[in-house]
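Two complexes come next, and they have one chain in common, subunit A, joined by subunit B in the first and subunit C in the second.
After this line comes the complex of A and B, so read on.
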């Protein structure tokens, strides 16, 4: 079974690539748009997928992936099942700072949620900014001497106060 | 005076529709002011018919299919059709009012106000029939059960066919029904090479955004368009599947051991059913390949199906093979 490995390819200069995995393909295109149109000091590439494993045909042309974001729609059980089955195709090294979970459409407040985003334009933009910060660290471009492992312990829960107002 | 009340009602009715009708309604207004005696039922029914021709998507239309064409069915001309149709109906019903108009798109519109041997024709509930000569489809609106036999006989005789049967297709929109049955929508045929282009979404056109599963996406799009046509598709609103099958679920023994059928009706409703189904398949919500139960809507031009235990496909109750 071909696993997605984190360090099997050479990175490109001043470029970071993020892979958005979402079963419904709804939020990912908006988020991708927000990510690339943001003003960044480095190039951002976005790859969109429905699930893992990724097609073998694209293996050569695919750049090195620095961050994998799994988008889960809390209104759909199938979304979560798809993410669970995709996780089996990830090499375990990826979990050391290269994987992130994003939930959307959540009405209840969850404890260990990593990132929660509403589907409004503001929510998408805010989520894009946060993702870019995480991506910067995962791709090794952060000026501060953090590594991705430290980052995951620093950002335990970023549930914003907007959610609690619901 | 009944015709005056009727005409006033129609005047208000008409003044909210399109320009042609407004002009005609003005004409009618002039008629009323000049002399009420000259306005008669003929003008009113004429106007009502014109209104229906211009606004066909009202009421409920049903499709019927002519079968067993005789050898000279293709030679039937308009005047011949009109004469034979009228002659038959006048022969079986004493009081009946029939009006026929040929529209510019080769459709023949027929308005029938039914009476019987004792009472005058009822112009408040006319039946409308639309037929395209030399096709086998007839579209009917507002027909009562007791008049059905007369109309069917007249159609069969006038078009030189052997029989007529129910098309199992009913919609609110005549345009949608015509487009579906006469294949006036963008069909897609299976082929190995060219793929139809998807609507280019402006969101994903940035060069830095790449799609991993674009091949799968194109394949799903192709499959969905083959089954349901390319957009815009005819605006059907419902599809009804009546189940006469045995329950075959696992676990629930009280239901599955019965001898009698587990009857149920599955109904799909949408403002545009074919577009919705196509989107379901193209976006991956429904797994492909498309089940023949759903693709039969376009392939066979029906939206009412009875599913029995005999096989996985649809019942062969009224399945005249489409040309």
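After this line comes the complex of A and C, so read on.
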């Protein structure tokens, strides 16, 4: 099975590539536009996909992917299932700072979510800015400050049992 | 008109008096004509209502065009402008007696939108029809839901309270049960709680299990008569009542919006209107603070004053023992007079009901309803949260329902929606045991903090700073009242010892230290972030002297060194002030420890840390020798030589420090080379913090501007 590996290709100069994976394709285009609008320090390539594995034909021409973002719509069961099945196609090294989860319409309490997006225009813009911050780190563009692994350890949320709300 | 022409014929006489009398008569006939015309216009509606009031039992419905026509007429008026109060009795009679058939019953109930108020006689009549028991179940449920929806608009609730027993009898109906519980919750007063009613509810609970609405009602009963309800109930009951107003919500909103000028006048009871919005939209959206209704029953022979009748503080003081709280507790928010009363009386049932309403509204608006992008929604949410903030600041403590809402909301917050309000509410959170702090507060904040912009980071540090100040103030106030067992805000049942409190404070300070040091690294020592961090440590350094909390925590290296080597002079000055205050705190602590038996003990590590930092700072700035072997910032000599900087060891002293170098040049240009004069000049620029630091640690310094507890002028 062809796994998506994080370091098998050489990065390009001053460029970072982010892959947005969403089953429904609702938020993808909006987020992609916001990402491109907000870029300033470095070039951002945004690639869209509905699920993994990515098609084999483009494998050679595809640049190195620095950050993979899974967009989950919490009101749709299928969205979560598609993400779960896509996760199997990722090399385990990717989980050390190169993968990020984004949820929309999240109204219940979740403990192991990384980012939450509200569907307003401001919300999408803010989410894009945050994604760019994470992307900058995972593409290795701020080596003095931090690495992707360290950032993911800072934002790690321990999965705990539901706290008794008295 | 024949009369008018006759009169007009008489007008030709030149006499003035007759002229005026004739004109007044002619005016009167004109007015009569106008009235006739106007009556003719309003007539369709009145006629329709009249027709509907005369519909007999057994009327044929199918194919009855006249009935249909009149219903449609009334329906259109209802959905466009809302119904006037007089027609409610008629319409409810028609609907609930089933004279026009069951289909029309639900139809009428669905368009019963009030324009202003609903008379309570109509509701009482409706309940009596309910007791007759002819209606189908869905119609009964619809009726009770309707009563709940328009509850705030009922002019007076006295009669409803007197038939409490009849309403209570419906608790045995399974379908009606949730809504009846809600209605009882809104109507219950202390005199309604009787042992047989409590027994009945407990029986039902045994059969149905613990239902949230039942638990709510029992909790309220328990507050009024704790001797009768002995079972244990969770201290903070989550939102319990089902959503009842979905059928009417849209129509009600539309009508209320149209009638904004004609709706109940807001008897503004607030004395201090500094932050209150002057005009509140009168939408019966579940977010709006419901208005305190101004109508009161003059027939009531109870000597009880309703809170909404009072207009001034003086009246409140005179009648403080006779006040009855409004049924809709949410209307107390934002009204300073009502909050004064709540604060003095400390009525637990009032807080319980207020917390329930608040929790319910917050949950519905922010957690359950989907956020659509309309700015209307967010501005309403913004206003609502600002009102809560105002209330919390007025009462000087937070509500428990706001706290639970914030914990739930933080994990789904995107850091952008209503940011200032959420962060302000966050700073009002009362003290909590350190065990919960990580899971509830720190983890969600960390996720948001490390991926957001530098301005968000600054806001978070500022919020945590004000949270710390509030906790410390609360401690210094309650500790002065004696005792080591400090109970938290007046409504909570958690008590905390002094050591538990110190643990929590230490956790918070350590957490902010982590956030600050990592944040400064990520943002390349951004000057705003550095200043917010130093403001936080200005609070921390004085914990012992200002707030009498025997806890001294040093800033981590990730904060100290960026401040010491900062390129802006304000940070360096603030650092000097902080170190100066730390020294004062530590010396006093040491003196107290030596002089008498103290229950606290400052560990040697703290002193060591402070000494290390002090040495680093004095050596860099005064002794021109920052690269001491064995210190944290030792760099190999060869490496320094590679930088090709001349005289590298004095590059961080008072003259050559990158933040102060410009002042040195300016001085040099102005006067010459004299050291003392330079010192005076430098400290004349307002660097009081630095002045005090140098003075206390080296004995030198400008004598002109030094003060005992010098606050640098750069302080806000």
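We take it that the second predicted complex is superposed on the first by the 152 of 166 C-alpha atoms of A that agree within 3 Å, B and C clash if a C-alpha of one lies under 4 Å from a C-alpha of the other, contacts with A are read in each partner's own complex, and residues count from 1 in each chain.
Following the convention adopted for this analysis, contacts are C-beta pairs under 8 Å (C-beta built on N, C-alpha and C of every residue); 3 or more make two chains touch, one makes a residue touch a chain.
Everything numeric in this text was worked out from a predicted model, so none of it was measured.
Participant: Do subunit B and subunit C fit side by side on subunit A after the overlay, or clash?
Facilitator: The answer is fit.
Participant: Applying the document's definition of touching, compare subunit B and subunit C: which contacts more of subunit A?
Facilitator: C
Participant: Looking at the overlay, what does A:142 touch: subunit B (first), subunit C (second), both, or neither?
Facilitator: second
Participant: For A:46, is the partner it touches subunit B (first), subunit C (second), both, or none of the two (neither)?
Facilitator: Once the two structures are laid over each other on A, A:46 reaches subunit B alone.
Participant: Looking at A:126, would you say it contacts subunit B, subunit C, both, or neither? Reply first, second, both or neither.
Facilitator: In the superposed model, A:126 contacts subunit C only, not subunit B.
Participant: Is A:134 touching the first partner subunit B, the second partner subunit C, both, or neither of them?
Facilitator: In the superposition, A:134 contacts subunit C only.
Participant: Between subunit B and subunit C, once the two complexes are placed on the common chain, what is the minimum CA to CA distance in Å?
Facilitator: Least C-alpha distance: 18 Å.
Participant: Shared contact residues on subunit A for subunit B and subunit C?
Facilitator: On subunit A, no residue contacts both subunit B in one structure and subunit C in the other.
Participant: Show which residues of subunit A lie in contact with subunit C when the two form their complex.
Facilitator: Subunit A residues touching subunit C: 103, 105-111, 113-123, 125-127, 129-130, 133-134, 142, 145-146, 151, 154-155, 157-158, 160, 163, 165-166.
Participant: List the residues on subunit A that touch subunit B in their complex, please.
Facilitator: 19, 25, 29-30, 32-33, 36-37, 43-50, 54-55, 57-58, 62
Participant: Would you tell me which residues of subunit B are touching subunit A in their complex?
Facilitator: Listed in rising order, the residues are 201, 203-204, 206, 208-213, 215-216, 283-284.
Participant: Which bits of subunit C are touching subunit A when the two form their complex?
Facilitator: 234-236, 238, 367-368, 370-373, 378, 404, 407-408, 411-417, 436, 439-440, 443-444, 446-447, 450-453, 518, 521-522, 524
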